[in-house]
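Structure first, commentary second.
All chains are identified by letter, namely A, B and C, in their written order; residue positions are counted from 1 within each chain.
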Amino acid sequence: MLMTKFKAAAAALAFAAAPAAADVDLQFYFPVAVGGAAADTIEELTAQYVAENEGVNIEAIYAGSYQDTVAKALTAARGGNAPQLSVILSVDMFTLLDEDLIMPFDDFATSEEDKAWLNSFYPAFMENSQTGGKTYGIPFQRSTPVLYWNKEAFKAAGLDPETPPATWDEMVEMGKKLTLKDDAGNVTQWGVRIPSSGFPYWLFQGLTTENGAILANADGNEVSFDDPKVVEALDYLVDLSKEHKVMAPGIIEWGATPKAFFEGQTAMMWTSTGNLTNVRKNAPFDFGVAMLPANKRRGAPTGGGNFFLFKGASDEQAKAAFDFVKWISGPEQSAKWTIATGYVAPRPETWETETMKAYAAEFPPVLVARDQLEHAVAELSTYENQRVTRIFNDALAAAITGQKTSEEALKEAQAKADAILQDYR
Amino acid sequence: MLRTRGWIHAWLLLLPGFVFLIAFTHLPALTTLWSSFFTTPRGRRPAKWAGLENYDTLIGDPIFWKVLWNNAIYAAGTIPLSIIIALVMALWVNRQLAGRGFVRMAYFTPTVLPMIAVANIWMFFYTPGFGLIDQIGGALGFGQTNILGSANSALFGVMVVTIWKEAGFFMIFYLAALQTIPTSLIEAARVEGAGGWTIFRRITLPLLMPTTLFVSINAVVNSFRMVDHIFILTGGGPDNASSLLLFYIYEVAFRFWDTAYAATLTVVLLVFLMILAIGQFFLFDRKVHYR
Amino acid sequence: MTADRILNTAGAWALALIWVLPLAYAIWTAVHPAAYEARFDLFAPLTLENFIKAWNAAPFGRYFLNTFVLVTVILAGQIVLCTFAAYAFARYQFPGRGVLFGLVLLQLLIMPDILIVENYKAIRLLDLVDTIPAIALPYIASGFGIFLLRQTFMSVPKELEEAAQVEGMSTLGILVKVYMPLAIPTYLAYGLVSVSHHWNNFLWPLIITNSVETRPVTVGLSIFSAIDSGVEWSVINAATLMTSGPLLLAFLLFQRQFVQSFMRAGIK
């Protein structure tokens, strides 16, 4: 209790520009997953809003990683002092509902303008934000995976440096040309790298979507891990190493992936758009960014965090929180945020601003993620999300490391997930 | 009268320490058992009596058996090796040696650096392709390795880091013990014609017995407790191949928010430690007596 | 004899080089640009940029302060509580002595580190989640500390105590003026173990803290290194060196005294 008060005081100092006699006080938790600049930007934007809106005081609390933020919000809520607003992974929506902590934004969208605003986001982002006909999350720091390729390596392999693989088959074909060996037969450069440590399901969902599978239903209580299309996608992933030998065998570390790309260990990599700024700054060669290759269709998951509105807020607080979220998702604010972090601006309107147009003209790869959105689907999300995705991750790891066949692994995962999810049907 | 005053003094002296000991060790150990008989409370459903349901789940949980087995391997691999290496280090640093200061400093470093930070460094060593091990291996003509990314070597990779960390720490205890062994004893043995190996086996090793016991208790506890590096190195993967009991407890409790099942897992851990405790106390009684 | 000596020296050095490698690598990456993380070129340019970057990227100053406060609070608490308890065990006969001492020894095996689930509940009940006292509380009473000090106190000659009693010193006075000074090497050895342990402790602080104001450096480091955009070893290692620097320096300077205090403390 004392600490909370102390923190409130500290925050009050930080926002000295805010009006002294604030009518509505809001607490707002946010995580940062891409380094320090993001936190500064959120704080700046919040301060700007507070300065422009008399009678509202917002305390923006940097809560650490996504894990920390959801933990902190859960603990605070259980202790009866939930924040009014928090940015949390969009996939945690069902967990938050299960804990009975959040309320829909629809209740506060009273005017026509508000309702139009609720409908102004890219549909791919809203898939993870709505259930049972209600909108519980407003997209904020959202991303999607893309393919990065090393143009110099392509040239050296006799490939057109401007043409990335557009299909699964092309990725294998090009990968074979791009995989280089030394005299002893040891690989010095791999064709492609799809990291599989930590949360392999996310990039793998690119493959399942491209193969026409949807992993979970919109109610978050059914999964289709053993769908033949999912099995086929996993076979493809496993075969990249086993059959075609264009990707390193075993689990591939997510964190070391950009470095492996810079070091020329791999000619192509799949990773988040959140890496764009990093790659631009550190790649010692010319590189390109493309949509993930297609099989039956184009496809990719979305990722990242949404705004959630917490129960326990008074009516005034909820209204003020709603207004703040609406403001921060406005075109200029959103453009500023996107440019600072590399997250994908979640509304088409943002991309129409002069700021964004100028930015995209200067650095066209940022458009790839936006253009991919029309093919994108919801990130895997269910009730008891951490547990269910963990089951899926374990199955993927078992298949990748060759302990089980894709089919065995996924059948088992399906059975385990069903056992957990049947309570929610 | 005087005697009871002495009693009261003693109890008062013990009171503050025991408040904390009981509040954060003994009581939670008991409430863990209690919690394991209930379901996990969720927002919409409060906790209710579950009887042995959690234990049923436990027996049917393949991950539990896997992490238990992993933990056994982890203990069997790290405990003896780190103790032997620590002893060898101490023996080396205790003798005349060119550059002894540097060597001792090198052995000390693991004690000072946080596990969470060195795990990042070890991750670089293990990284396939451009990591240190592969760079050295590559220069010698070996192919790429993927120690942390293969199911049969990930645990091994984690164990190496543990041994590195522990041996340096245990060495300090051995070094202190070695320096208390009277040199006259060794001189005398030498005069009688005993060789280096005989002296070590007949004099040094027996005199180090109390230290070995102390260190081995520490090593046993650590084999259940040291999981920090797993967070960075493997996250318990691939497919739980490098997960340990405490790491699994953490995941169940603080990622899945299933505190009741986490309590059940903790009960198993406590039972193991109790068995070890009883065993150790017997050993203590036999070999070392505290006046 | 000489061959034996050469062999031993070579062995000791080989092991030392392996053992110091992580630290050497941390220093290497921290003072060179990121491009040299995996390239060991003798003529790589030197830079301090990584330290500046690390310092600006996360509130390490604050984390550092948190850790400092944390280890100080824990050590102070431990010294007071363990001294009292150890003295009682060393010098008093009272009912329950055996059982209570057994409970103390039990904590050598069942450490709070393992009881994260229930201790988290307890801290939540006390409404102390995300505070520095919450990190410290489970460790304030240390079975190891009580055990160690009891050993030391028992080796203090009874005559010294009796002489002090004749002079009319109170129990507390005897403890502070007679026993504690004689146990200084034990306090030193124990203090160093305690400080290095809690400086580097991770799991419990990870669970119980979730804001900048309370996070110790280990948790700060882990968040800092687990970002979406991949591992930057040069910056992480610079951060590691910055945050472990004081401890590292203290150990390097005092390693001889450290071992000696262990020796005199009778930890063997």
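What we mean here is this: contacts are C-beta pairs under 8 Å (C-beta built on N, C-alpha and C of every residue); 3 or more make two chains touch, one makes a residue touch a chain.
According to UniProt, the chain labels map to these proteins: A = ABC transporter substrate-binding protein.
This structure is a prediction, so every number in the text was calculated from the model and none was measured.
Asks: Given which chains touch which, is the overall layout a line, a ring, a star, complete, or other?
Replies: Graph shape, chains as nodes and touching pairs as edges: complete.
Asks: Using each chain's Cα centroid, which is most distant from the centroid of chain B?
Replies: So the chain farthest away from chain B turns out to be A.
Asks: State the pair of chains with the top count of C-beta pairs in contact.
Replies: The chain pair sharing the largest number of C-beta contacts is B-C.
Asks: Taking the mean of the C-alpha atoms as each chain's centre, how many Å separate chain B from chain C?
Replies: Centre separation, chain B to chain C: 15 Å.
Asks: If you average the Cα atoms of chain A and of chain B to get two centres, how far apart are those centres in Å?
Replies: That gives a centre separation of 37 Å.
Asks: Using mean CA coordinates as chain centres, what's the gap between chain A and chain C in Å?
Replies: Result: the chain centres lie 38 Å from each other.
Asks: Got the chain B residues that touch at least 2 other chains?
Replies: Counting only residues that touch two or more other chains, chain B contributes 123-124, 130, 254.
Asks: Do you know which chain A residues sit against two or more other chains?
Replies: Correct list: 71, 255-256, 259, 263.
Asks: Listing for chain C: what residues touch at least two other chains?
Replies: 37-38, 225-226, 231, 233
Asks: Note which residues of chain B are touching chain A in the complex, please.
Replies: 42-44, 63, 123-124, 127-130, 138, 141-144, 146, 148-151, 154, 234-235, 237-241, 251, 254-258
Asks: Taking the touch rule as given, give the residues of chain C at its contact with chain A in the complex, in rising order.
Replies: Contact set of chain C toward chain A: 34-35, 37-38, 56-58, 124, 127, 129-131, 210-215, 223, 225-231, 233.
Asks: Could you list, by residue number, the parts of chain A that touch chain B in their complex?
Replies: That would be residues 67, 71, 74, 95, 98-101, 184-187, 190, 196-198, 248-253, 255-256, 259-260, 263, 265, 384, 386-387, 390, 393-395, 397-398, 400-403 of chain A.
Asks: Touching chain C in the complex: which residues of chain A?
Replies: Counting only chain A, the residues touching chain C are 1-3, 6-7, 10, 33-36, 61-65, 68-69, 71-72, 75, 78-79, 143, 254-259, 262-263, 271-272, 274-275, 277-278, 282, 284.
Asks: Please give the residue numbers of chain B that touch chain C in the complex, ascending.
Replies: 6-7, 9-11, 13-14, 16-29, 31-32, 35, 85, 88-89, 92-93, 95, 97-99, 102-118, 120-125, 130-132, 135, 164, 168, 172-173, 175-177, 179-180, 196, 208, 210-211, 214, 217, 220-221, 224-225, 227-228, 231-232, 246, 249-250, 253-254, 259, 262-263, 266, 269-270, 273-274, 276-277, 280-281, 290-291
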